[in-house]
Amino acid sequence: MNLITQENIQVGEIANGLPLTIPVYRLKGNGTGPNVYIQANMHGAEVQGNAVIYQLLEKLKRETLASNITLVPYANPIGCNQKSGEFTLGRFDPITGTNWNRMYQNHSALVDGFVAEYQDADIATIKSAFKSRLINATTEILEGPSYALNTGKRIALNLQKLAHQADIVLDLHTGPISAKHLYCPEYAKDSARYFDIEHVLLIPNEFDGAMDEANFCPWWQLSQAYKKAGRDIPVLVEAFTVELGSQEKIDLTEAANDANSILSYLTYKEALQDSHYQPQAITRYACYLDDYLAYYAPMGGMVEYTAALGSHVKAGDTIAKILRMERYLSEQPLNEITLEQDGIAILHFASASVNQGTELYKFFTNYFEL
Amino acid sequence: MNLITQENIQVGEIANGLPLTIPVYRLKGNGTGPNVYIQANMHGAEVQGNAVIYQLLEKLKRETLASNITLVPYANPIGCNQKSGEFTLGRFDPITGTNWNRMYQNHSALVDGFVAEYQDADIATIKSAFKSRLINATTEILEGPSYALNTGKRIALNLQKLAHQADIVLDLHTGPISAKHLYCPEYAKDSARYFDIEHVLLIPNEFDGAMDEANFCPWWQLSQAYKKAGRDIPVLVEAFTVELGSQEKIDLTEAANDANSILSYLTYKEALQDSHYQPQAITRYACYLDDYLAYYAPMGGMVEYTAALGSHVKAGDTIAKILRMERYLSEQPLNEITLEQDGIAILHFASASVNQGTELYKFFTNYFEL
Amino acid sequence: MNLITQENIQVGEIANGLPLTIPVYRLKGNGTGPNVYIQANMHGAEVQGNAVIYQLLEKLKRETLASNITLVPYANPIGCNQKSGEFTLGRFDPITGTNWNRMYQNHSALVDGFVAEYQDADIATIKSAFKSRLINATTEILEGPSYALNTGKRIALNLQKLAHQADIVLDLHTGPISAKHLYCPEYAKDSARYFDIEHVLLIPNEFDGAMDEANFCPWWQLSQAYKKAGRDIPVLVEAFTVELGSQEKIDLTEAANDANSILSYLTYKEALQDSHYQPQAITRYACYLDDYLAYYAPMGGMVEYTAALGSHVKAGDTIAKILRMERYLSEQPLNEITLEQDGIAILHFASASVNQGTELYKFFTNYFEL
Amino acid sequence: MNLITQENIQVGEIANGLPLTIPVYRLKGNGTGPNVYIQANMHGAEVQGNAVIYQLLEKLKRETLASNITLVPYANPIGCNQKSGEFTLGRFDPITGTNWNRMYQNHSALVDGFVAEYQDADIATIKSAFKSRLINATTEILEGPSYALNTGKRIALNLQKLAHQADIVLDLHTGPISAKHLYCPEYAKDSARYFDIEHVLLIPNEFDGAMDEANFCPWWQLSQAYKKAGRDIPVLVEAFTVELGSQEKIDLTEAANDANSILSYLTYKEALQDSHYQPQAITRYACYLDDYLAYYAPMGGMVEYTAALGSHVKAGDTIAKILRMERYLSEQPLNEITLEQDGIAILHFASASVNQGTELYKFFTNYFEL
């Protein structure tokens, strides 16, 4: 059995002065595999990743590890505990509205000058040197003047400092009510075949504040900078956002499946030795981010969601019925909402009550087999 | 086809001065049946009752009606539109915390003196006279000084004024995640057999602020007062809270079933003529309110709910698993929660995240066949 | 300098498993004075009491103490940290809406049988024996099945257990925007003269769930029971809710004044020896709870509050102007709101936006000099 | 007296189907002055702008108008009515967290091609033609597929469509607790001297989603494009965000002062004829946006704000005291927070409770007289 160690890191303080801490679990490998970092529950209602980390720990302690693996459940101690009514209001800072997963730091500027200095260095040296810069740059902000950091940024930077030590970063999220899907940077799409996830969203190599981007963007920029300088090096880090299904739900059996899926990917990346984890033989569909259609409610009302998640909807198919009982006599009270084009229903809103303009569904469009 | 009319009643004003209105639909019968009042969605997230009223309207317009029937969807225009994150925060006034369904007026004191005055009156006279008093007393408060009424009370009284015109009152609610169940005053338990609802909660004839109680309590008190004065009269009004299932969900097919269930009860009460609606042959279980067990989370954590709603749980059975990932190494991280006695799982909390002391489940205990 | 000790008591756990703790500070006296218990911040936004406890500690460590004194800031670790936008949403449990200060336990039933048993006991014995019963009854619930306690009740009982050890209980609150006022049980009105608080609300000896009531009601009932049994004993415990002014505000200078006010009362109660603290020579006004007028907004709109807090308003005086800009052309957009009777303005709503029926003001009416 | 007309525009629908409408008031001038658009209350708690519009209407109806003037109070019918506890939670969409004032559309791309087409056109033609493009582009999105627009965008575009018809746009906001200040695009700084506002924030000509930017950015881009093409034309539209003071407050007297300030600016811009409104002789301080210092709480705790708003703070001065009562014995419980550099205190947080990282203050630094 592998030794698991725990460290509680402090990432802030709340109004009554109590520290906000996050538990960090670590397993040590033999040092031959890539470092792995996995976190969960950055958004308060997206709890299933904690169960996946539980199942990963249960499984990993019995595996032969090539990699050092760091696992961080409850990544956001504010979001996780923010209730409003029965549900968890943890998608954004309740004070500012800022999405907790848009506060990571973009270190892409560290690429400047690096290539000149390390023009002919070997890959291992490049990797180690650039990784140090990322970690140092993060630490510098954290150790700078304390008045310069807002609450979410401090949490994000503490997590990012851990993540930059890794070569593989998985950020476990869920949708509202959702089919499983994977946010995958375009350059890493081959890796997407090793997850048991049918829906793969191919995202560009641009920074928008999220954990996955904070990890892959600088490395992708680095690769581009070397290319410009006439040298081809691969993108040395992979980072994904894994959307496990629906929020506000713990399902330990499904969590074990998702742990298997992640272990299959880690086996492919040689983080485990003699591992039997293999991807399932399923058809995977991919869609570019630009084709990921947000479908907003065309009217206010009460919604019956009729498109099954994961289902392939044809143009003209009904995806929802919107009931408007205040107009029972004056209009058709039951409105069938249809999709204008073919798509795969990936997620829908968590509530049956919508304003006009509430995000009703998200669809893969122009999708293709991966 | 029966004529349906609509009236929009104003029940308040919001901060930008816009009126809060509620749509009231009415069908007229031939006057031989009891007046019927049905409302839905007093709690903002409990939307399914609107769909049931939709299905009732669709069905009732084709029936031969003995009764005048009033149907009120969207009974609470504040609760219905109060979002906090993706979910509807409509169980209580967001300003004060007061449960919207605890603000009705107790008119039981109107019984005093009434019996002396109407000692020997016939039932029809008693009914009509006492009904007038209830309506007048409600109107008086509404027409009293406007500074004396808080927001929720004003909404409640406007609805109550409509409800007091009826002999049968149904308040359509839902639980959080819930099996169907019926709040039934003890004196009306025979009527519970006509709803297609397996779980019947027998509630005492005490006022706690809810719509059903506001309607049946005074009439029950009246019956008691006559008894004291040596005359037996029945309780002349029946009122129920119908819990349709889970909140934040619209299911039009299930709504049609629930409409049938209500029409079966209304057929029994002779509100419809030549109606074919019959109760289903199901076993109904009853439980006294004192035996309705609220089971609070014995610890904070992430919950997998394992007791199926409606299932008969035995003492010692696991009802939930609570995952506590911050103690993965220091304690058993996965805690099996068991019930100490036999029970039927009626509802559970809507979220997987619970504080110590969050209401995890409610169970019928000491239940019996009705 | 007196020794101050600190104990952190655990009163719950939040969803990520972290304990909810409350700091309890204690100073020991020579044992001749009454035990004193002071808590603050049960409602999350009412923070000024923490500053008063700070100033009390600063002053008490230099006094000669006859009494043991227990001081509890941050009494509610959930309420204190519950943000919604920039403000603290800590008046009620965000999940259930229940007011945090309505969850204390009524132990008045312990009076039954006690008098018969202790009919002729001396006062010290009665006090000690009944105090034990209160503490034990509280402990019993806390040590009972953990599934039987909801979140707020667990916090309340933990605090109540501490408070029952005292003879004097002060619960430090604030209004929304408020003049200072004191909730004082009618039997203790002589004591109200020792606080530097101009407005005294005389409350009946009935239990409605609050901390002060949980402490004085059983002792008042005990006194009544002895009276029935033919013996006159005083009410042996005093408990007050001290409303310090406005919420969401820390003012250390004013906190020092309020500490002086409390020390003046404690000097009167002989908790301090050789103390120089004396009440200020101010006129105090009293009002019975039934005359404490809640004035609800007669219309929705934007409010300028024009009645100064603490001011004596005459019938017909303007207390607020309500602006309704959506009706600038169709109605008088600026509405002068007047009071129908004389009153003292004690508090007003915290926001300028009100729905029809929002509690705009509270007034002392039929007030008199104390 | 000038005629004032009212139009209610619909900008959305809420869950119970009721329309969201905004009142639009219009006065007509003789057509010689610039068109003026003024809106208020886009953020729900920032209500004082409605009172300013009230005072503007009262004054404008008596003036001789050169300009057509459009005034829009209650610009955001969702934000305005979103309560959470006693305060208004209207800074961001409660569902998504998106700041309501970051959802306007950037039409700067319309500049492309325009200059070539209108290279030698006179200014009036350019103005009219480009204005048409802005309005048309906005209308096009509004009339496009309804599923493509989210709730906030639909509100923003409806307002933007009105604003693009104007040459002068004022968006009335407030800070949390705040001194008056003006967001002024750098090119328009001469105009800032005509407002009675001591603090002027000079913002770059970049789009970040706000109303002022949506209006001045395209026109600034147009001016730049002409410059590139060798022709100097001024920026033809001015847009400002006017921060009136503190949120959650209506002060009709102060609103009259602010109306005077706006009328002084409009007099300078020749929107009024024979107007006597003149700017006050006050010292105005300016600061570049990059020097606008957000000072985040360096620790969690309870805050006494000691730097008066508008005051000039010296490096090393105490700006706040943070009380941490859970550490009364283990640390210094009262922490004096100082500023590292000179600054003018412009605003501070609305609540006394802060997490580590809550925005405590904002300061002008490196400020200079305008």
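As written, the chain order gives the labels A, B, C and D, with residue 1 at the start of each chain.
In this section, a contact is a pair of C-beta atoms (placed from the backbone, for glycine too) under 8 Å apart; a residue touches a chain by one contact, two chains touch by 3 or more.
As the structure is a prediction and not an experimental result, all values here were calculated from the model.
Chains that count as touching both chain A and chain C, per the definition above, are B, D. Most remote from chain D, judged by the distance between CA-atom centroids, is B. One simple way to say how far apart two chains are is to compare their mean CA positions; for chain B and chain D this gives 47 Å.
Note: centroid distance chain C to chain D, computed from Cα atoms, is 42 Å.
For the pair chain A and chain D, the distance between mean C-alpha positions equals 35 Å.
Residue positions of chain A touching 2 or more other chains, listed in rising order: 14-18, 74, 80-81, 83-86, 88, 91, 95, 302, 325-326, 353, 355.
On chain B, the positions that touch chain C within their shared complex are 12-18, 20, 78, 84, 91-93, 95-99, 145-154, 294-302, 324-327, 337, 340, 353-360. Chain B makes touch with chain A in their complex at residues 4-6, 8, 23, 25, 44-45, 47, 50-51, 53-54, 57, 73-74, 80-81, 83-91, 176, 248-252, 302-304, 321, 323, 325-326, 328-330, 333-334, 349-353, 355. Listed in rising order, the residues of chain A touching chain C in the complex are 14-18, 21, 74, 77, 80-86, 88, 94-95.
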